[in-house]
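Below you'll find a set of structures to go through.
Shared chain: chain A. Partners: chain B in the first complex, chain C in the second.
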Partner chain A sequence: MTAPHAASATTPHAKTPPAPERIQVIVATDCGSTTTKAILIELVDGHYRQTQRGEAPTTVEAPFADVTLGVTNSVTELQELSGRRLIADDGTVIRRTSLSDPNGCDVYISTSSAGGGLQMMVAGVVRQMTAESAKRAALGAGAIVMDTIAANDHRKPHEQIQRIRELRPDMVLLSGGTDGGDQKKVVELAELIAPAKPRPRFGGEYQLPVIFAGNKDAAPAVERVFGAGFDLSIVPNLRPTLEQENLGPARDRIHDVFLEHVMAHAPGYDKLISWADAPIMPTPGAVGDILQTIAKKRGINALGVDIGGATTDVFSVFDGVFNRTVSANLGMSYSISNVCAEATMPRIMRWVHLSMDERELRNRVKNKMIRPTTIPQTLEALVFEQAVAREALRLSFEQHKAFATTLKGVQQQRTVGDAFSQQAGGGTLVNAMKLDLLVASGGVLSHAPRMEQTALMLIDSFEPEGFTELAKDSIFMMPHLGVLASVHPDAAMEVFEKDCLIYLGTCVAPRGQGKAGKPCFAWELRGAKAARGTMACGEMQLVPLAHDEQCEMTVTPEKGFDMGAGPGKPVTRTVRGGTVGLVLDARGRAIEVPDAEAERRATIQKWLTALHVYE
Partner chain B sequence: MTFAVTILAQDAAPAAGWFMPGKGILAITLVIVAAAVMLSILWARAGRPIRIRKIAGLDAVDEAVGRATEMGRPVLFIPGIQDMDNIQTVAGITILGKVAKTAAEYDAEIEVPTTRSLVMTTAREAVHASYLSAGRTDSYNPDRIYYVSDEQFAFVAYTGGLMQRKRPAACFYFGCFFAESLILAENGNSIGAIQVAGTAETTQLPFFVASCDYTLIGEEFFAASAYLSGEPDQLGTLLGQDLVKGLAWAAVLVAALLATVAAVTGHEGLASFVNGARAALGGG
Partner chain C sequence: MAKAFTPGLTVSARTTYRARRVLPIDGSVTVKQGEAVGADTVVAQTFMEGDAFPIKVANMLAAQPKDLPGLMLRQVGEAVRKDEPIARSKGIFGMMKTEVKSSADGTIESVSDSTGMVIVRGPKQPIAVTAYVAGTVVEVLPGEGAVIENTVALVQGIFGVGGEAHGPIAMACKAASEELDADDITPDMKGTVVVGGARMTAAAIKKAKDVGAAAIVSGGIDDQDLRDFLGHDIGVAVTGSERMGITLIITEGFGEIAMAERTFALLSGHAGRVASVNGATQIRAGVMRPEIVVPLADAAAAGQGSGPAMSAGGATAGVLEIGTSVRVIRDPHFGVIGTVTALPEQPAVLGSGSKARVLEVAAAGGQRLMVPRANVELIDG
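Entry: the complex of A and B
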């Protein structure tokens, strides 16, 4: 056994990034499972802008087995497009010697999700408490959580051992007990993991990293249990008291271990680590970082979604608290069958306004699953795919809401006035009314033929309330900017606002339910555009407002509808335009679709026409 | 000494009778109550959904026991200070079963001091059954369920001391409580425990509400077993009782209206109907 690490051991990258004022040219790469994406960011007229983009196949697998080849290829494309020499003869990224040097860059940074990203197993004493905190720490660091072992997970010890043996995690995060609290069960968990000897994904000589972030009094006993054969790190407790969650040290250690062990054993990563000026981050971790940065800088609540072929990631920052969930079986190709099974076909079909044969649709689903790279060729196929996407996003969001909660097991303070309104702890942090910015990424959202389709998919799935800005990540640049935020936050913010996000517009939707046709709200725009009108329940309307336009908007909801200030109370806000414009949504929350087939199709058609979705 | 016995020649002879004509309205009420409960049970058995409002106090059992587990401290359960002939004690023991099962699953230690020997025996049975159903009979320790004293304040003094010594992380008070309610709950609050209480004693409810994290109030306390079990028969009974309560409310409203109208208008027929109904229902 190696000596247990103190919190945050030495970071294994070779270089230290230059001071922000010395950074004018930035090369950033994201090594994905399939492709490596490179971007070039330059200081142009005093502003940081993303100027070029290059892409090349990832080369982590055989026959190349060297991730840096893909990096070199993608950066070479940047070089060709920009005319700036970025790659040296030995294939490395060139650094500038002075600010007047026309070749090279000041900083090279990278993220990685190649080879399945970072895969972790977490364990804690109580599933809803320390085990959940451990899961939050792992997900926040950008990992995929393969399983959560807990003393109350309703599995017998032999079943838990069997499960641990089956998994091949990159590392294990063990938590449990408050400081000065339980020791027995957390040591028992260690005694389950140690003899099970989970085999790591990389190499026979590789010692499985275990991070212990539990009761500090139990650390010596845990250390004895793991003995030789594990690389144990001990960091401060994730839950020093049940009222407090301290995820930072565990997340930092996960990043370090990811670099020291996981990346160091992946083909070519030792070279890539030595090239980079900042630690290589797991891609989802970097996306989470940029979302947190923008939420903090703008003082807003933000939610991001990345829908992929196999999984859907949801990130949120509400009142400064960051949460990330990975819905492992909700995606648009490999997992599309699971989406259909979980959501059920009638719930998918409720979004479809065209007549379709269910048998044909089922065939379409299976074809998409076995040929994941196919894209819709007909309007019917597109409408159906977007209907499936709505349900995948809705289900992912439900899972996210259930996970992003306040801490459980915390003492409540009551007064006699609470007699009839006692709420249990662990309520969700996600509040659709407080959401200010909703960011979409992932093929089905980013590459929808019309921006209006992306906007409506987001609104139907997440049902934002009040005023919510809608945006999409233009070229999936958020990972690059997440790692850039660690070396130059202002540059990351500027590029995020100007080049990364395509603002679709603002959704204006009151909370409440009403009978179709009854008045819902009145609205008035002042400033760049002057207009006014009223909306009836069940209606949608699109008000054109360009990307660079902002208006003062006053919305006066009817009694029973709420725009954030209370039922029936008017609210005035500055609203931002976008490629779609202002979407006025009077469908109520939750959105309900009529049951009768003809009426349902007519209603959907009405909404699609109002937003020019398929025109 | 002799006693004179007088026998009256015209003594009334008793005659068999099935019904007391003046109490017919009670018979009708009985039929309505029984029908409501039985129909509701049939409704529940047929798989029709019956929604019970969420009771935060019962949902918090997992949270409270989890807190005790993480902190390595025991769970304290007090089933009131009355004997098994008190319906609140019976309801408290039902909830003890649920708490004990959760404690068994989490492998947390549970401590149950009692004021009556019969309550101790019943509590031991309930806790044993819970450990059995959780598959953790090896962890069951009957010595942690014990009799303290029949005396109210002797019991309170012991329990207060126990709280200060062992510092349980979760305290449950379910049963019939009197003056000791605030002493117990304040002790629990001072040691930072999550506290859940339930009682039908209206005089003690404000104290529990103010000093506990969660409080089950009166009817919620009695509905707990149906809420926890989810069995159709129990859910149906709960629904039936609620229907009857609704009808009773409606009857009280109608009668109050009729009595008011009779008093204002001086309508004799209406007044005699109201008086007759009141007499039939046992009113003064």
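Entry: the complex of A and C
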């Protein structure tokens, strides 16, 4: 048996990045499943700016089987565009010898999701408690959680063993029991996992890494159970008490194991690790880090979404607590058919203002599933895809809200003031009224022909309340900036604000519901733009406000509507413009669409016209 | 730029095909290099470790886990039968003893004195891999399996359900544009690979299954008919493990769509010849498409095909240039087949408002269409 690793905050990475003041030229890559994306960041007139980008196919698969070839190719494109020599004759990334050197960079960093990313299985004693904390730790570290095994997951032990046997995870995270509490249950879980002998994806001599983050007193017994054939690490309990979650050590160890084992077994990664000046991070882990950095720096609540072909990732930071969910099988190409099955066709069609034949649409959906790289050629096809996207995003957000909760199983300390509150442990942390910034990325959002389309898709799916800034990741730079934040947080923030985000504008939407046509709210703008008006229930309106403009805005809701200060109370805030402007949304929350076909289509058409969505 | 790479599906009249047939775990290979094999020939076999059955014995005996080893009637490594007592409590003054019986046939694998759990490992399960395609063993992979090679006609479909099957090709339609309906299926099609033309109807699928056909290959299928047949909707295109008693393969797509003439002509040219088919489809990184493999020669002629050797399940990509035959794979021109007549360098604004690189296709009827490059695939093998 491999000696279990002690809990450690150190990474296996030997290199130490230069001090921030010694960093002026940065090369960052993100090795995705299909494309390796490189960006160049330079200090220009005292400000860090992203100056060039390049991309090349990822080269993890045969016949190349070396990820660094794709890195070299993408950085070569940066070299050609910038005129700065970045690639040496041997294909490696050149470092500068001094700050006056016109060639090379000061730091090279990378993220990776190539080869399917990091795939994990997690286990915990109680599904709603330790197993959920373990899942949070794995997702937060950027993993795909293949399954969660728990003593109370309603599967019989032999079914659990069968499931474990079928999976081929990169690693297993086992938790369970509070420190000083019951040991037996978590050892039983270990006794289920060990005989199942899950085979890691990379096979061969690769010993499956198991991270134990449960009751510290059970560690010796767990160690005995796993014996030979597993690479066991023991880290501090991720749920030392019921009231406390301590995910940091487990997340750090996941990152270490990812580097030591998973990446080291993927083609060319040993070279990539030696090239980089900071540990390679799983792509979603890096995106989560940058979102946390911006939320902390600006003191805001932020939510990010990345909708891909197969999956949708949602990241949130509310009151400083970070959560990430991956909605497997909710995506726009490989998984489009699954979105239609889960959302149901009527819910998708409620966003469509054109007449379409359902049978034909169903065949079209399947044709997109089997030929996922095709793009909509007609407006009708685009409208339908964007309707599907709204439902994929809505379902992903629902899953995120259900997962991003306060700790479950914790007894609430109540005061007399709470006597009438129904809120118990496990309530969602996601609060649409408290959300300050909503960031979009992923093909259907980033590549929509008009920014207004992106803005409306976000509003329809996430239903933000109060004042919410809307933005999109210009060229999917968040992963690069996430890993940069670990080396130079200020540079990462500056580039994030100046080059990464394209601000679409601000959504202004009171919570509440009213009869169509009745007054909803009055508004007034002062500052860069002076204007005022009223909104009736069911209306939408676009007020142009450029991306570099800010205004003071006072919104006075009618009775029964709330902008964050309580029903009927006025709220004044500084609002930011963008490529779209201010979106005034008096449709109420939740957004309701008429059932009758003709009325529904007319209503959707009215909203689309108000926002110039398909003009 | 006059060239671009674009994906395509193979339709080849003659190629060398290699099937790598391996066990999921180590085992023994039952064929020799140079040996002629049929589709049914077992090339490798092994036994997979049996299922594990955990039994909470200490709990059931109301005993302390640490006392469990002393209560076991069967020890680690011993064989047990289902319902055979494996542990017994000491009882009260030797009376009222409780027994725990094994929940399965197998062997006692472990007895835990910390949790009181006993694991019974079930009997090993035999696994065999067949040749799938008739041909010659060109390579033995020790402990794993073998590589079978033959000269074949090969058609890759776009989507399928159901696993490997084989049987003689039976042409059920007279033209590629003819819908495959129940009337086209006859009782003598039992055990055959039925080839239709355009869409296969729900009634045709039902009748083919009823007569015992091995597989159906046709141009298209209606999504609703597929759902009715499977009893559920397919959310993600990862198929092949369905056990429906028949394998279905579509060559073009969902909806009313005719099989490509070239594919239809190729298959009808081999009517009566045995074909191996596999409906397994995986549309993910490392895409896998369904296939129809028709061995052309007996084993002795293996290795005399033309062109590069094709491997089972692989996707292809080729160069898109003026004169290339393509099929449009997205509405509004879905299914149109034509020849590339222009590859403009500059992106064009589509009807959707998006900017994308396009190409011009001269359709069979002479019509010229502008189509995004992402919305075509090559149809030459």
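By definition in this document, the second predicted complex is superposed on the first by the 604 of 615 C-alpha atoms of A that agree within 3 Å, B and C clash if a C-alpha of one lies under 4 Å from a C-alpha of the other, contacts with A are read in each partner's own complex, and residues count from 1 in each chain.
Everything below uses one rule, namely that contacts are C-beta pairs under 8 Å (C-beta built on N, C-alpha and C of every residue); 3 or more make two chains touch, one makes a residue touch a chain.
This structure is a prediction, so every number in the text was calculated from the model and none was measured.
Asker: Clash or fit: chain B against chain C, after overlaying the two structures on chain A?
Answerer: Here chain B and chain C can both sit on chain A without a clash.
Asker: Does the superposition put A:Arg364 against chain B (first), chain C (second), both, or neither?
Answerer: In the superposition, A:Arg364 contacts chain C only.
Asker: A:Met129 contacts which: chain B (first), chain C (second), both, neither?
Answerer: Only chain B; A:Met129 stays clear of chain C.
Asker: Count the residues of chain A touched by chain B and by chain C, then name the partner with the higher count.
Answerer: Greater contact footprint in residues on chain A: C.
Asker: Of the partners chain B and chain C, which touch A:Leu242 in the superposed model: first, second, both, neither?
Answerer: First partner only, chain B.
Asker: For A:His47, is the partner it touches chain B (first), chain C (second), both, or none of the two (neither)?
Answerer: In the superposed model, A:His47 contacts neither chain B nor chain C.
Asker: Scan A:Arg85 for contacts with chain B and chain C and give back first, second, both or neither.
Answerer: neither
Asker: Using only C-alpha centres after the superposition, what angle do chain B and chain C make about chain A, to the nearest 10 degrees?
Answerer: Result: 90 degrees, to the nearest ten.
Asker: Quick check on the superposed pair: does A:Ile375 touch chain B, chain C, both, or neither? Answer first, second, both or neither.
Answerer: A:Ile375 sits against chain C, while chain B stays out of touch.
Asker: Taking the superposition as given, does A:Lys184 touch the first partner, chain B, the second, chain C, both, or neither?
Answerer: both
Asker: Superposed on chain A, how close does chain B come to chain C by Cα atoms? Whole Å, please.
Answerer: Across the overlay, chain B reaches chain C at a minimum of 5 Å between C-alpha atoms.
Asker: Where on chain A do chain B and chain C both make contact?
Answerer: 183-184
Asker: Given the complex with chain A, which residues does chain C contribute to the contact?
Answerer: For this pair, the touching residues of chain C are 7, 49, 51-54, 65, 109-110, 112, 114-115, 117, 119, 121, 158-159, 222-224, 226, 233-237, 253-255, 281, 283-286, 329-332, 334, 350-356, 371-372, 374-375, 377.
Asker: Quick one: which bits of chain A touch chain C in the complex? Just the residue numbers, please.
Answerer: Those in contact with chain C are residues 33-34, 61, 116, 157-158, 161-162, 183-184, 187-188, 191-192, 195-197, 221, 224-225, 310, 329, 334-335, 337-338, 341-342, 359-360, 362-379, 381-382, 447, 449-450, 614.
Asker: Sort out for me which residues of chain B touch chain A in the complex.
Answerer: Listed in rising order, the residues are 54, 56-57, 59-60, 62-64, 66-67, 69-73, 105-107, 192-194, 205-206, 209-215, 217.
Asker: Taking the touch rule as given, give the residues of chain A at its contact with chain B in the complex, in rising order.
Answerer: So the residues of chain A in touch with chain B come to 125-126, 128-130, 151-152, 154, 176-178, 181-185, 239, 242, 408-409, 411-412, 414-416, 418-420, 422-426.
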